[in-house]
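Each chain gets a letter, A, B and C, in the order it is written, and its residues are counted from 1.
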Amino acid sequence: MQLSREDLLEAYRRMRLIREFEDAVHEEFAAGNIPGFVHLYAGEEASAVGMCMHLDDRDRIASTHRGHGHCIAKGCDPRAMMLEIFGKREGLCAGKGGSMHIADLEKGMMGANGIVGGGPPLICGAALAAKTLGTGGVAVAFVGDGGSNQGTTLESYNLAKVWNLPAIFVIEDNGYAESTASSWSVGGSQTGRAAGFGMPGVEVDGFDFFAVWEAAREAVERAREGGGPSLLHVRLGRYYGHFEGDACTYRAPDEVERLKAEKDPLMLFRRRVGEAGLLEPTDLDAIDREAREQIARAVSDAKAAGYPTEADLLTDVYASY
Amino acid sequence: MSEGIEAVVMPKWGLAMQEGMLAAWLVEEGETVARGQEIAEIETSKIANVFESPAAGVLRRRVAREGETLPVGALLAVLAPASVHEEAIDRFVAEFEARFAEALAARKAEAAPEPATLEAGGRRIRYLEVGEGEGPPVLFLHGFGGDLTSWSLNQEALAGERRTLALDLPGHGGSDKRIARGDLEELAEAVAAFLDTLGLSRVHLVGHSLGGAVALRFALDRPGRVASLTLVAPAGFGEEIADAYLEGFLRERRAKKLRPVLEMLVRDPTMIGREMVEEVLRYKRLDGVPEALAKIRERCFGGGRQRILLRDRLAELPMPVQVLWGREDRILPARQAEGLPEGVAVTILEECGHLAHMEKAEACNAALRRFLAGG
Amino acid sequence: MPKKSFRQAVNEALRQEMERDPTVVVMGEDVAGGMGAPGEQDAWGGPLGVTKGLMPQFGRERVLDTPISESAFIGAAVGAAATGLRPVAELMFVDFMGVCFDQIFNQAAKFRYMFGGKATTPVVIRTMYGAGFRAASQHSQCLYNIFTHIPGLKVAIPSNAYEAKGLLIQAIRDDDPVMFFEHKAMYDEEAEVPDEPYAIPFGEANLVREGEDVTIVALGRMVNVARDAADRLEGEGISCTVVDLRTTSPLDRETVLETAAETGRVVVVDEAHPRCSVATDIAALIAQEAFESLEAPVRMVTAPHAPVPFSPALEDLYIPSADRIAEAVREVHGHGRR
């Protein structure tokens, strides 16, 4: 299986949209325009997009508190997301979820999740539903290195294995669980854990879209064909803090600058497709421009949009009550 | 046994009655009562009613307390002349209760007749069969929202002389709840299939309310299969019907709200016991019931009036026909029984509502016996 | 009408709903039993045999034994509910919620609201509760009050076999997450239960008994204990209304307040601990909304603020009894009378 020109353009478009989105949220948060907590995905784009390029609307993903990238990669509308993050009534979740709970079930996006380790059990359920209903769908849990230590995650490995579910666990290891280094907090290795549960696990360079895409392809094919769960240990880096406002004093002084200069996934993608003569720089520049404009419009729309009213306070607690 | 002492016991009102609750005493100890005088109110799982003294005498002892639930046959009170000593009454009560305890233990071994089910015309039909005898059996057809137990006061009374059957119409009781159209033809068709399955070529039909209209439809379409027709407050005799009753019956989901609706059925609202209300609620919760009842209502009584007028065709019927109606029927007015063709015997029951066969069970049973004997 | 045990009623509700709707699946620890073992299959049907016979009829694909791994499979039930199935997960004892509570109260309960009304999560979590089995502190609690507290969850607590079948069918058909509480000491208790499927709507309390003097509000197994007390009191000339709440969320406020106002004297009976409980909730509701019609302070009869003890001698003291209820009723009945 090869990436077509259209696939490459689409992958780049999604990664660029994520980057523009997160940079814009960073700015707007700093300006005091966004309430609550936000956790940004900038720097990690290749992971979400490398996986989600293999998925369609019958496939489900569960995300983390750092979920904007997964949403965009899975096809959520960035404008509606931006309105949500601003707490507006026309937001993707009517202003009731916010950054940590963005979901779009029609797109198979089962929600960012405010609970670390909240996603993997849900994904076992989505995989079970796909299997029981025979949709051919797979389910993917994105989990941070912090979440990889939760009992829910380890229990889910076991359940996915014994039920032989079309489930994939993507451990996005950005090096830090909040301020604690994953090199310290994770006993053993992620792939060793996968092996312990009898499931294939591979370590992937998460700065390299093509490496993620290839590893994800194998895991998705295995799941679709009834081969059971897999694990991807994706090593990557985040550009911003754990949350916006994090001074990141626990990081090495030049760590982020070096990441940006040497490992930026968008830069690496451009270099790769350029060297291989797959895409012209002008194609990519056009995407950059469009993405910037699209996100700028989303921000101005979000600023202009109205807040929910008291009439919305008690709606949608139940389907019926 | 002391001379002149009489036991007043918990009556058995209908086949299903196993026990009753003495709701209230209407006479004090020491009062002289006449035979047939109302002396207590008794509630059964089905219905509440006044209890008439089976004999005359002085009510010397009220044995049952108000609110107490007792099995059929249990001692409620003692009648005796004023001259009988208290000690004699004590002895009588003690002996009675000892004997009754034995009898009760023996009775528990016997089973009450249980409804059965059969497949007829692609439907499950529940029915209760009691009694045997020569000649065509009697088949009872209940009304809208009712079931075969509504004939419990009548079926047993007739079962001594002949075979009796009561069925649950489609959409009702323990029968299949699927209804295709909800018209009389469909219901009469189900009755025919039921009789075919049992190999019964000819029956005496007794129908109440909607069941009356079904019986009439059946008799018009299959006159050879009906030996006689008894219609109790039947539908199909005029446009007027209490739509508020139908509406409330379908709508109300709580006992408190449903009770006043059911009270429209009877002259004396205290007859509607809490168990009866509860049973209707339980029935309405069964899958398919609201849909079935809505269809029947729409086809037969849509727009708040009866759409199934059949009275003009009574004259066509070759078999004997009688009509029984409560004067104070608030669902289908008794005046719909006026001006019927000659030869249709009409009995209007005074102080009686829509549930004539329950409210005036004795009178209805007597009328039925006479009619069946003559026919 | 056929008499069936509480166990049969629950089993029949599950079976009939699985027959009606192919998206209904059952999962939990040993719900079939014998998975992967060399001996009998469907060996258990749940620890008390409630789900026995479902696996042979519907297969392992729809009756899923799980590892002892509550947070994974309760979470899976929630995730499956959000993506097209109607799972009925069995959390064997409600006491085990400690290891899977997140999946219930942060995930299932909040999806709909957090996602702006776009999620439906029709999951049912069946669980055993209650004392009387000499099962001690970690297998005997009630805890329904904790779930009642959480918006987004519904909580059903049937008081007999008839109620169990109808409320469970409603729970399965309901589009919201439902916690379904089965008292472990009631599985052999029988009631008349129709063969046909039926649903009892949530949020409609049942008047088990109607009286004039005192209103007893109860739930679950305590409804029957309260009725025993009321039967006994009838002989003393005190007539009681007994309200079975059926569901604590939604709560039938109307019936509680109406029956409280009718008698002006209320006893609330709850098998759970007394603090922040259904009992305090009902008492507070009545104090706030029906104060003017009260003739006496609302009394609560509950378990004490202590864990459930093991020794039969202690456990029997622990559980609210008909005697204690009757005593409380006499007290509120006598209040203010000369």
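Going forward, a residue touches a chain if its C-beta (ideal position, glycine included) is under 8 Å from a C-beta of that chain, and two chains touch if they have at least 3 such contacts.
Everything numeric here is computed off the predicted structure, so don't read it as measured data.
Annotation of chain A and chain C: not jointly contacted by any chain, touch as defined at the top.
Distance from each chain's C-alpha mean to the overall C-alpha mean is smallest for C. Of all chains, the one whose Cα centroid sits at the greatest distance from that of chain A is B. Spacing of chain A relative to chain C, judged by their CA centroids, is 40 angstrom.
Separating the CA-averaged centres of chain A and chain B is a span of 69 Å.
Note on chain placement: the centre of chain B and the centre of chain C lie 37 Å apart, centres being C-alpha means. By the touch rule above, chain B contacts chain C in their complex via residues 65, 67-68, 174, 177, 253-256, 274, 282, 285-287. The part of chain A that touches chain C in the complex is made up of residues 60, 62, 91-97, 101, 103-106, 110-111, 113-115, 118, 120-126, 128-130, 132-133, 135, 139, 151-152, 155-156, 158-159, 162-163, 315-321.
Taken in their complex, chain C has these residues touching chain B: 162, 166, 194-201, 204, 206-207, 210, 234-235, 239, 255, 258. Partner chain A is touched in their complex by these residues of chain C: 23, 25, 61-62, 64, 66-67, 69, 71-85, 87, 102-103, 106-107, 110-120, 151-152, 154, 174-176, 203, 250.
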